[in-house]
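Two complexes come next, and they have one chain in common, chain A, joined by chain B in the first and chain C in the second.
On to the complex of A and B.
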């Protein structure tokens, strides 16, 4: 394929992606805060100084660790739920299917902000419906770190499973019935047919939803920021994106915030590359 | 093909923009036009119409004298205020001429080169001598003044008169009495907090630290170092966090309360006491406890003493990028004058910064007595340094309090950690 065919894509990607990334990288090498932005003090080149500060900060490692665990949990639950419901959709009647897809689409369409606020109302310590129904007056759902993460995780999953469900459902529907019929004629059980026919045919789709989910959940911001009021009690529910926001914008350390952004980008690039390589090995053409 | 042609154009655009790496330009200094529009930023308030009426009166007086000038006032919503200021600091074209500024934010604006030095202008101002020294300090960075104090607010102890009478309690005059009263209230009224305190309520916690002789940071030779890890500060932290016990204000309910959250709890009748400001009166009056509360100064550890309060409030300043320097200073001084601060008190209940203005409102409003007693006992302030913005934004103090309250760290460990972070913030 002639390489020049890539040019239109580059025309979009370079200004929209590479240039901001270049600026991010540049900023991450400077001591760049509010006084520097408004010209009160000159911007000072600090080389890898921001990265050294970051890696020497034990809080960063804690936040990174819990972001990975939290994102992994959200991805697994989202995929399991989305896949289970996609299979369910192929088995149920038309009315039930329509209802299910509407319900899922509504959750999908709800802005993250709105969803988070509504869930917070439900779980409010003093006035929330959940405490009212369970008779737990004054119980604070955000008090315990794990419970708080689980609650926020539920909202993240609630927001993102419809994408997985609809995508996989479409994929399953697109598998020609003749292939499955042939498998059945050859004596394959339903489980074998799923394992040897459906799953391999869905692999490219699964790859897309997995990468998408990892990227979304690793970058989760709104739900944590809104529900735990910027990172939870004593910052116990801080994730990387909120941490970057806090450093970059709340306390105006744009250089340090950019360094966190670079670290996040690299981590996600590595994840994506690993996944692409794994797919290559199984012989998929992407 | 069209996309292909667009590529060089886009690349050129990207390269052109790439030329502006982090800027090191100095901003332009103010010029002094006597005509045109004077842009003014003030804070939005819950009952803004009352504030607006006072400001409009001042504008009328101002434009009567300067007939070629229009005054354009914007009221900044609390939530988006920080963003607006960032925009103003970054781009002189979107900056106002005169602005209200929260007194804890001023030092950062000065470090960002945003505020005009008005030391000389204040020296010439007839009313300047009426400003109390401790408030002038809040607008002073180095030895230069960057604004004028406008109004002040301090916090004191609100308590429920009906509950105190029913339980035979008297208003506490020491920390020990406060604890006893709070425990009794919670023991007798199961659905009430003894005293509403919050893990995110920095200005509620600081009086305890200051009363114990501690501080956030100490200044020696113009350089701040963290002092929150000192033995005195730790005693204060312990005094405050001990209030989050199940017999007073259970950690589950109180650990993530903000100052506003404690106001809400007290106003709704869910607490026997609360550390609220004189500026919170209208919120309390609008709540269920209207007519059922009184105020005393927050007691210190020593019987009969008053815990030093945080000198909250707001100031007025002139942006350095203004194109109407003289007019801006003139309008700032007009708004900050005794005449208009008294009107502002009548409208909003904000206590005037001026000594004589303060004396006048106290004479006519007995409600203010405990607050004035607190002010006269001596107020304290956060470090006047741009690092305060970092300390505040990174929630260093609330995080320390919450770690102690939830038992995640001891007072020693949490205070030592916060101390390191505070010292680091000053080092930047």
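On to the complex of A and C.
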């Protein structure tokens, strides 16, 4: 039993990951607010009380709904763009390919914080380049809920399409040329070969990329928090992650914030089960 | 002809993709007058380092840069070491809880760690009362949580690289009388260096980009602030010093960019290893 090899990892993960997760679950069952944190009052066990409060609050359902729609939109655009560019990369010259992959790498590498800040500058009401070019002096892009979400979504897509593009391109390159040659010999056109050979062979890889994207985009925090300044005008651009954080740290309802965290974890757990199934299909040994 | 259209489209996409970064660096170099001008130009004839000077000097971004670097490098080094040992255990040995552990590491990658900031805040606060150096307001607390968050992925990714080393290499070393320690550090470790490089990029980025935990843990000790959280402080609702913000953003982006380009090839093959094994 190679316990000593695993010991360092467990020594970090048990107290700093597993235990906080357990604590998150525990906190979600308590009324834990400012009087308990600083006043030394004992935390009151409320059972499913926090969840009942949450599910009875229409604001929660609005946030949950827009989190799902926002994440779904980001995932769809990211995948469509990433996949289209991956295919494009197989059909272009070396120079164009190098330029495209370096540009994608740049967007990928840019920290979420700087990405958000730079895009905010580009779309700034007074000094932004976009307003200058379009002649919309003083137009505030974050005023409308949908437009604000679209702008944040654009930044999320900009950050995440490179992963999809580069992974799928690597997947396409890994398909043995002989397979495609055989298809061509059988009289398949390029389009048919793509639809009947390339796409099915990539399916497991696509499944993984899709699920990874769902998980990332569902958890978007920095871009929303920074660009809409903590959730938008009157909280109109709240997503679950930001909502949980604000409930806990801005309004000192740590129990309620934890309950939102638990809801998120459970949703992601379901997505993870699909991920595990997709991984098994690729022949991953667990 | 078709090829030329495809090339043009690709180059256009590349330009649009890189434009925000170009605009960031350009604005960081523009004199204030040009930034405030109603007629912004995509070039400047009077580049200046003023914004960098004021960001590094008056605003203290030099200090924040160092803090970020210390945290990120500590996380990279510790995570590489710990993940390597765990990856060896999970590939080279068969034991009962192995599959369970692998699935746990996978599930850990999905956990919304942002939500964990709530219990971790109290945990770090209490920890700091008994162990100095890892409580609230310390860089140690950031290293600790970022290490924990980067490990599941690092272990998962390195596993593929360790598995790719044929066991015969180790068997030969055992025949030659090498100790277990020698095999681990002198033989296996150098062989999976490419994997370590790819893993390090991800650990580095997790730690370098972290904004939430820095904001949550570093409350009063502003001298221990890291770049992303410090940048938010720099952000004023109405009168933004865009030149300064862009200079600070540039300082924050460049190290990651260098790191990425440096390990570009390994990154792609490493991803293949992580995604498909």
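By our rule, the second predicted complex is superposed on the first by the 247 of 286 C-alpha atoms of A that agree within 3 Å, B and C clash if a C-alpha of one lies under 4 Å from a C-alpha of the other, contacts with A are read in each partner's own complex, and residues count from 1 in each chain.
Here is the rule we use: a residue touches a chain if its C-beta (ideal position, glycine included) is under 8 Å from a C-beta of that chain, and two chains touch if they have at least 3 such contacts.
Everything quoted here is computed from the prediction, not taken from an experiment.
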Partner touching more residues of chain A, whether chain B or chain C: C
Which of chain B and chain C A:46 touches, first, second, both or neither: neither
Which superposed partner A:27 touches (first chain B, second chain C, both, neither): both
Partner chain(s) touched by A:8 [first = chain B, second = chain C, both, neither]: both
Which of chain B and chain C A:83 touches, first, second, both or neither: neither
A:235 touches, of chain B and chain C: first, second, both or neither? first
First (chain B), second (chain C), both or neither touched by A:276: second
Partner chain in contact with A:152 - chain B first, chain C second, else both or neither: neither
Which of chain B and chain C A:138 touches, first, second, both or neither: first
Chain B versus chain C as contact partner of A:252, first or second or both or neither: first
Interface residues of chain A shared between complexes with chain B and chain C: 8, 12, 19, 23, 26-27, 37, 229
Residue ranges of chain A touching chain B (in the complex, touch as defined): 7-8, 10-12, 14-15, 19, 22-23, 26-27, 30-43, 125-126, 138-140, 142-143, 229-231, 233-236, 246-247, 250-253
Complex contacts: residues of chain B adjacent to chain A: 3-4, 6-7, 10-11, 13-14, 17-18, 21-27, 86, 89-90, 108, 111-114, 199, 250-253, 255-256, 270, 386, 389-390, 393-395, 398-399, 402-403, 406, 408, 428
Residue ranges of chain C in contact with chain A within the complex: 2-3, 6-7, 9-11, 13-15, 17-18, 20-21, 23-24, 27, 35-36, 38-40, 81-83, 85-86, 88-90, 92-93, 95, 99, 101-103, 106-112, 114-123, 144-145, 147-149, 151-152, 155, 205, 208-209, 211-212, 216, 227-228, 231-232, 235, 237, 240, 242, 245-246, 249-250, 252-253, 256-257, 259-261, 264, 268-269, 271-272, 275-277
Contacting residues of chain A [partner chain C, same complex]: 1-2, 5-6, 8-9, 12-13, 16-17, 19-21, 23-24, 26-27, 37, 85, 88-89, 91-93, 95-97, 99-100, 102-115, 117-119, 121-122, 124, 127, 129, 132, 158, 163, 166-167, 170-171, 174, 204-205, 208-209, 215, 218-219, 221-222, 225-226, 229, 241, 244-245, 248-249, 254, 257-258, 260-262, 264-265, 268-269, 271-272, 275-276, 279, 282, 284-286
